[in-house]
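To keep things simple, chains are lettered A, B, C and D as they appear, and every chain counts its residues starting from 1.
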Amino acid sequence: MIFINFKAYREAFGRNALELAKIAENVADRSGIYIAVAVNYLDLPLIARNVSIDVFAQHVDAVEFGSFTGSVNAEMLKEYGARGSLINHSERRLTLADIDFCVNKLRALGMNSIVCTNNVSTTSAVSALKPDFVAVEPPELIGSGIAVSKAKPEIVENAVVSAKRICKDVKVLCGAGITNHEDYVRALDLGADGVLLASGIVKAKDQKKALEELAGLL
Amino acid sequence: MIFINFKAYREAFGRNALELAKIAENVADRSGIYIAVAVNYLDLPLIARNVSIDVFAQHVDAVEFGSFTGSVNAEMLKEYGARGSLINHSERRLTLADIDFCVNKLRALGMNSIVCTNNVSTTSAVSALKPDFVAVEPPELIGSGIAVSKAKPEIVENAVVSAKRICKDVKVLCGAGITNHEDYVRALDLGADGVLLASGIVKAKDQKKALEELAGLL
Amino acid sequence: MIFINFKAYREAFGRNALELAKIAENVADRSGIYIAVAVNYLDLPLIARNVSIDVFAQHVDAVEFGSFTGSVNAEMLKEYGARGSLINHSERRLTLADIDFCVNKLRALGMNSIVCTNNVSTTSAVSALKPDFVAVEPPELIGSGIAVSKAKPEIVENAVVSAKRICKDVKVLCGAGITNHEDYVRALDLGADGVLLASGIVKAKDQKKALEELAGLL
Amino acid sequence: MIFINFKAYREAFGRNALELAKIAENVADRSGIYIAVAVNYLDLPLIARNVSIDVFAQHVDAVEFGSFTGSVNAEMLKEYGARGSLINHSERRLTLADIDFCVNKLRALGMNSIVCTNNVSTTSAVSALKPDFVAVEPPELIGSGIAVSKAKPEIVENAVVSAKRICKDVKVLCGAGITNHEDYVRALDLGADGVLLASGIVKAKDQKKALEELAGLL
């Protein structure tokens, strides 16, 4: 499984976002690998209508409908076709109570939650909330090009073991520094169910080629 | 001038949002009053394409393009047709440095900023940043149905005088509790350039009638 | 075990704080019950020197020594004699990463962590971080005078079971609405190791009598 | 005027803090320059009792007495002898509404507010709140050793002019990168009333010598 976080990169916003989502759809079809994208709120409606792969939000606010100026809640995401949302990304940390709220809300709506964590112990903690996915990303490696699966394999292995001990159904993604097929395979070898990455694809000179390589098509 | 904040109200989201925006457009046409709407990120692309009135975001993040998962910046809003953004609403307060960043960024992009404040002194402070609009809303009256222009006219008057002393071009809106034409007229009499309101229209049994009444068409 | 959170109550600040801490010490001696107090930063140095019971901070920042204007870290607390700190109180929520940081830091320094949570699932999550204590406090009951152990006994029971399943050594406190001996006993009956309370003692007309009653001395 | 922010530096905490405060008192006496220190909450009570110079907090929470676990308000600071507080330091940013609250509260208590800002426009904005001091510190120069008064003299000059135009009584400090007497004199030449600095003194090999040099005693 490959999740691509478009972040607020210009290369993955607006027209670029739709193109990259189409590339992801194409590579998913050809490789047979599950690929999903996490896109900007403004891009989400258009992309969700135009690709067959799962589209996630990058964040969801821990609120219901009501007096919450500027907030986007889970039901809103669902209405526009999102499959779920990233929660607690290192660039958008939440309180524990809000993570819990969002995981429960998404589950109640039949949507998927991907909760980001920074190490093994927070991965265990989040697993107790029974999200669909936990994505462990050592913050110091995010955007570094140094794959966590290479540089700190023990974090991935321990995160997987710890997470599944607490909630056997939780899927574990590993993030931070993933850029190529070797990193991806290594992550799976370490027990991860998939990877979450961003700049490795989004900032690549040739996004299509980068994703094909990641998916093992080259 | 009338600005309607759709907040995260169910009555002003999705299909409801487009309908309400169309009502606003219609009432603006018939009354000759400038009416604009501040909508949810997810609704913004569709609404901006489908109405001729100005469409604002309810919040904008103080970032450029880059590694900012979950963020929406001013350029993104512009690309999707937003006229500008509310900033620092009481339900989404920002640091002063971030307010300043957003006001400058919107100005540089030829967009409009509406900075919300809670009293006379913060209205003065914000005016020094030279936004297009300052919207003063005593938090205790927001959603109360008690119009600030009636209950605390001196706040509106003093906010107007203080704001224009510091920046003569800034327009002052008054918010909190505005629901009917009388409140609106009173706000203008006190020197305000317009009103910012939400529940008074959005939560009305008959939104169209409520807006027509506010605009003096009934 | 009884933990009294002095919050920012005037009745538990400055001279009042020292008096109340002395009362707590006295009641602890006479009842044989472990009683500890969580006091304001400014009061902490004096109180820690003047009572024999454990003194906690109400919050600790997730930082080391360094460029962190306005922050108080765990080592600082230790230097002034604190036994540990409350973490993530509902009035001072932290991100999960910061809760994890503080729990680890306090443990490394031989200090005690008391992490506040709002329900059963967040109690489980926090237990995975292996703090010394988890204090479950349904936010809607805090300061209500309605004891969680009476109003929602299943929350206490389930919190205890869930917490110990994940970390058998973690001690579970229950908070929110606890005011008298009956509430306290009921909490213990439900499996809690103790209670965390604030207004029930601090805002009592006669703090000493209230604490004696709570501890079963009357 | 020289304000020394002790931050959360180990070299300015606990015993070190008292020593450095004593050095500041001594240099103030000998140089005739007003010198004040902004210290950690835990150190504040002891230092305020033991030096004759003004002692400030590094932050104050925008709350009254009440249910505010972990908060320190202005009255608490006053009770322990603080002269006032830094507000909105770049390492502890506040919302505009909270800055306003704190400035007003400190003024009402006869205490002094020092509000930190990051550029000319936010300095103007803060001046409208009528604090006692505005300390302009371009964030990119904080801790850099490159004095703002040398590297960006126009920021200091423009901040002074803009601030006094809006509130003639406000005193302007300049911060960021100040380390020696030349930087200090240049700041005064540019119209500043004084300087706010931290690492330049706190992290100096010989703190006393560094402060004597800054004050022009060497």
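The rule is short, and it goes like this: contacts are C-beta pairs under 8 Å (C-beta built on N, C-alpha and C of every residue); 3 or more make two chains touch, one makes a residue touch a chain.
Because the structure is a prediction, the values reported are computed rather than measured.
Farthest from chain A in terms of Cα centroid separation is D. Counting the residue numbers that touch the partner chain, chain B and chain D have more than half of them in common.
Chain centres here are Cα averages; for chain B and chain D they lie 36 Å apart. In whole angstrom, the spacing between the mean C-alpha positions of chain B and chain C is 43. Chain C and chain D have CA centres that are 34 Å apart.
The residues of chain D that reach two or more other chains are 90, listed in rising order. A complete list of chain pairs in contact reads A-B, A-C, B-D, C-D.
By the touch rule above, chain A contacts chain C in their complex via residues 88, 90, 93-97, 99-100, 104, 117-119, 121-122, 124-130, 162, 166.
Put simply, chain A touches chain B in their complex at residues 5, 7-10, 13-14, 38, 40-42, 44-46, 57-59, 61, 63, 65-73, 76-77, 79-80, 86, 89-92, 142-143, 198-199.
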